[in-house]
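Heads up, the next two complexes both have chain A, just with different partners, chain B and then chain C.
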Partner chain A sequence: MPFKSSTGIKIAPFLFILPFFLHQAVFNLYPTIYGFWISLYSGVSKLTFVWFQNYAYVLEDERFWKSMLNGVKLTCGSLFIVLPIALGVALLINQPFVERRKGMFATFFFTPNITSAVAVAIVFSFIYNREIGILNSFLGLFGVESIAWLESPKWTIPALIIMVTWRYLGINILYFLAGLQNIPHELIEAAKIDGANAIQRLWHITLPLLRPIMTFIVFQAIIGSFSMFAEAYLLANNGGGPNDSLLFPTMYMYEQAFRFQKFGYSSAIGYVFTLILLIVGLIQIKLFQEQDDRR
Partner chain B sequence: MTGRMFHRFFIYASLAILSFLFCVPFLFMVGTSFKKYDDIVRAPLNPLPLAPTLDNFILLFQKLPFWTQFFNGMFIAVSVAVLAMVLNALVAFGFSRYDFKFKNVLFTIVIATILIPAQMTLVPAFVMFRNWGWLDTFYPVILPGAVSAINIFLIRQVMGSVPRELYESARVDGSSELGTFLRIAVPLSMSGIGIVGLLSFMASWNDYLGPLIFLTSEHKMTLAVGITTMNNPYKEDYASPITGACLMAIPVLILLSVVGQKYFVSGLSAGAVKG
Partner chain C sequence: MKNRRAMFLLMLVLMLAATACTPNMGGGAGSNQSEGNIKSGANNGVTGETDNKKLTIWVFADPHKRFLEAVNEEFKKTHPDVTVDVNLMDANAMTDKYMILSRSGGDGAPDLFDMEQGQFPNFIRGDVPFEPLDQYLEVDGLKEAMSKGRQALYTVNNKQYGIEHAATASALYYRKDIFDEAGINVAELKTWDAFTEAAKKLTGKDKYIFPADSETRTGSDRTYFELLIKQEGGDVVTTDGGIGLDSPEAIAALKRMHDWKKEGIMDTRYFEGPSFWDRFKNGTYVAAFGPDWWVNLLVDNVPELSGKWAAVPMPLGGPSSVPTTVMGGTGMMISKFSKNKDLAWEYLKTAQLTPAMSVKRFEIINLFPALLTSVNEAGLHETSKYTEYFADQDLGDLYGKLVADAPNQNQAWWRPLITQAWDKHQFDYAEGKLTPEQFLQKVREELERLIEKEKKVAE
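After this line comes the complex of A and B, so read on.
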């Protein structure tokens, strides 16, 4: 590298990458540290330094754990409903003879994903309306009694999961398709000739080869579910829904900070939430990698 | 051969049925915004308006400073997109063009920031912007989204395939480092930069939490927050919010059809393949 000698070229790379680090320092690092400082204070207008008391309260706060439990429920919905359907559709689209129409189908499934969460929530609260909603009217044709989708705590999470499936199926189909593209059709054909049936081919060839992209997809699903805000908040008509059944951690933070002005407490929730999410995320990545190593 | 025909028919049929199911909410969204109140209540299962009317749109424009909020959202989203394209491309260039001390460590730091959820800074950022007098201005909804690790990663993926000889010959020809960036790196990685612009535009246009917290007056709001203020608990008005939702979805749908879904699809998948 002959150009290493000039001083200009030595500084240049650092000047190019500087925007990221400046931006991070101002909009992430500083607020993160500042947030910790805020979380040590209690009170609304008169602030008192209370050490780690806010954290102790968060850990005992039933509503916080309720919001985390809702996060777990939504995560399960994503992992066991959205992702399997997405994989199934991706496998259908990935058939050689569908290849030419791949883009068309992808667009159909993908459009909900780029539609604003606000628009989606508004349309779905209309669909779920107890009296005049489309879903109840449709189910009524089969004699099903009208369901209080958004009023009964029993039905809010299923309602949310149906909406989330509609909104996030497309993006997950795309991710799976990207992974499937890297699996040569010849490999599947060879297994077919060797007498492996469709389920064996899926289990022993396709799924193991999809593992790297699955790590990413599952990680996204977990983080996305726990970070739920706009869709659930608007579906529940600006709140946590009946019996807090649609309360999610971000919503709880928002409520504590901007409705009750408890900035310290809200920051403490943010810290506990981030820490739990980081641990869950890292465990998940580790788990997937270990299984990778074993193979 | 009939077995294979049946197999194909089965796959196409299931894909077609599923695609149709996915269109249903859109059908009702568009249909309802042209429906009269009586139609909405009496024939909920018919997506088509029996007697199409523009009343809902007229009412919406009366209730909401629609165009102000529309252009607020546009201004914010375009600003975010432009800044994101410029700044992320600069950083991506720094990482893909040069070898320097601590490069790997620094890039790992960049990637590690993906792990930290945005909720972390919700409250402290609010307090910080309040101290700076930035509440009810566009800065807090534009600047934080301008640079992000995932976008740097996306552009670097594309820039990495630009042959190094091109950079070096530009240097020999006397081009400055910034000139090399502008004349060689940017044109050759326009696909990656374009996707970052698109994704940033959409993320900003569709964002709800940011505008909800930082923009409080009606004339500074974006449509995303504006249309949610129309939920009046005392009067059952189903059509206005849906009409607003319909109008809000249009810019992104236009973008999708103009730019082409192929571009979108390839861009979104690119992040996942190496991710």
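After this line comes the complex of A and C, so read on.
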């Protein structure tokens, strides 16, 4: 007997999608609303309703802006270092002469991505060790003086970018590969016949057709950079690192909530952070769309 | 229009739902549970009136777990029906987990919690989610049983929340074989100046007397600084709760380390894990100073040097200095959310407040007791793997004498902020861009700024 209400509306489809919405409501919607609600409170045990005062404090909080600046620096590293390398490797793997070993390459580059963040951070903290780290030993062969990768505020972000490049290269290669495989071969062939060289084909055919996947990849990179937590937290020895140079917004939220018990303030940081990312995301989508329209 | 109305109604419902769930941080059920629960008295530890005959304990250090397993044996004699579950967890994860539990009604909280003293300030803003122990101590006549200095670490607003495991009295440990060979009698060197002068002849290329820190993963001068400032009679938190970072004692402590580094007495590099201990094995470092529990680490990590070490009181520094200092500490606390508070107290009493268990702890993990009634126990002078490590030296005798001089460590909610302020300028200091005085002044200013900011947001 089909599920049908007295008004004739079919109930079965709603029942099928109900678990998802229930899950969303309990684990996403409710915490989101509750988080907003407590962001309007101040205090530790005895809470006071303070309207939007926490938001005002966040906006003038140097450490919050420092964490956002660190997010920007890591985003730049992701966009201008990780993604170009990933695209280059993806283009290479997509060549007919490596076609048969594509799986092997993909596995090679993807393995760091499935390695535990804690293990990665611990291994890299040894690699970056100023005295006994393999990186300084290697650089020493070329006469480079020992670098304080994790002690100097100047070097912590480059150190993190190197680690992030190693760790997230694989997943970005896979995204680009997926995009490259959707580009019709006929277009490339036609361009070849018309006399377009490799760079022209890349610039005028491959990259424009990668735009949809690039929108996603770039947004992922931005979100991932600003939400950096485990790796940076462990590299910084369970803190924000020298002069907060490894402090990221999510780490700051965690610290304010679980170290200083300021759950209201922490929630306000979360909301401001989300709002900023939302605006950045919308601008990015708009920019990509505008370029598409122009074409 | 209809849509707008529907949206308005939806928002109204959500607002009401959220209002119904107006945050009620801490307190709550746990507070009520704690009332009128003390009935143990001097009943020889048998309560027999528990709802649930299981005690759960959270600990963050393996040595503490080892000790508590020995306590379980003892506890079983008087409480055969009680199961004690000791859970070893990562220190930060344990604190976070308890913090979340205490904020969400306390369901799943342990009965007893081993609190690292450095983590306690995280809990002392607002309602403390642990049971005050004053009444229990009063009833059992144990109010004066513990060293006051150690208890200050767990006392907030005149309420005591934890019972310390160890006195953490510190001594100077050195490679007797190497110093003897060089003709240096360390026991005769009563001041740091005399020690430094004599020890210089043992330094050279990759040869230092002390490491740069005590392998506590701080990766900075802060560990030894905090040891030395207390030896000098100061503390980063003053007795009246102020900032003691640029006091004369603080400057003397950091200057001493600064000079040691300049003279090659103290290494300027920081190592951790096996590479830290390897440097003791290969003779890069031939001495260290630190609390009783640091010896535990030394013995576990450098077993091959057993029999080659000796321990003496720390040489004196300035006019107010004492031959020892304190560092770290762990207090066992009863959770405010425990359903078996009386039983938990009985366990805590057995573990922390009986001379027999204090002796046991010293024997198993070399933590000299903070329990005053136990310092004269003959068992503290028995042979153990630690005394063997120190060529059969009576470590109990040494720590026993030092405990009387051990300074206090003062507690303040802002103590964890010191790390942040310190880290801000540490690199410039390490690079020689700041003198010890300038550095401490900058750390103080940064700390003041952070405290003001924290106050502003939390109030």
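Note that the second predicted complex is superposed on the first by the 285 of 295 C-alpha atoms of A that agree within 3 Å, B and C clash if a C-alpha of one lies under 4 Å from a C-alpha of the other, contacts with A are read in each partner's own complex, and residues count from 1 in each chain.
The definition used in the following text is that a residue touches a chain if its C-beta (ideal position, glycine included) is under 8 Å from a C-beta of that chain, and two chains touch if they have at least 3 such contacts.
Quick caveat: nothing in here was measured; it's all calculated off a predicted structure.
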item	value
Partner chain in contact with A:Leu59 - chain B first, chain C second, else both or neither	neither
Touching partner for A:Pro249 - first (chain B), second (chain C), both, neither	first
Which superposed partner A:Phe16 touches (first chain B, second chain C, both, neither)	first
Which of chain B and chain C A:Tyr34 touches, first, second, both or neither	both
First (chain B), second (chain C), both or neither touched by A:Asn237	both
Contacts of A:Phe229 with chain B and chain C, given as first, second, both or neither	first
First (chain B), second (chain C), both or neither touched by A:Ile279	neither
Touching partner for A:Ile132 - first (chain B), second (chain C), both, neither	both
Chain touching more of chain A, residue-wise (chain B, chain C)	B
Chain B versus chain C as contact partner of A:Arg259, first or second or both or neither	second
Contacts on chain A seen with chain B and repeated with chain C across the two complexes	34, 38, 129, 132, 237-238, 258, 263
Chain B to chain A touching residues, read off their complex	8, 11-12, 14-15, 18-19, 22-26, 28-29, 32, 40-41, 44-45, 87, 90-91, 93-95, 97-100, 103, 106, 110, 113, 115-128, 143-144, 146-147, 149, 152, 168, 171, 177, 181, 202, 205-206, 208-209, 213, 224-225, 227-228, 231, 233, 238, 241-242, 244-246, 248-249, 252-253, 256, 261-262, 264-265, 268-270, 272-273, 275
Touching residues on chain A, where the partner in the complex is chain C	33-34, 36-38, 41-47, 54, 57, 61, 129-132, 148, 150-153, 237-244, 258-265
Complex interface listing, chain C residues touching chain A	14, 17-19, 21-27, 92, 95-96, 99-100, 103, 122, 125-127, 217-219, 269-271, 275, 416, 419-420, 423-427, 430, 453-454, 456-459
Interfacial residue positions of chain A with respect to chain B in the complex	1, 3, 8-10, 12-17, 19-20, 23-24, 27-28, 30-32, 34-35, 38, 89, 92-93, 95, 97-98, 103, 105-112, 114-120, 122-124, 126-127, 129, 132-134, 137-138, 141, 166, 169-171, 174-175, 177-179, 182, 213, 216-217, 223, 226-227, 229-230, 234, 237-238, 249-250, 253-254, 257-258, 263, 266-267, 270-271, 273-274, 277-278, 281
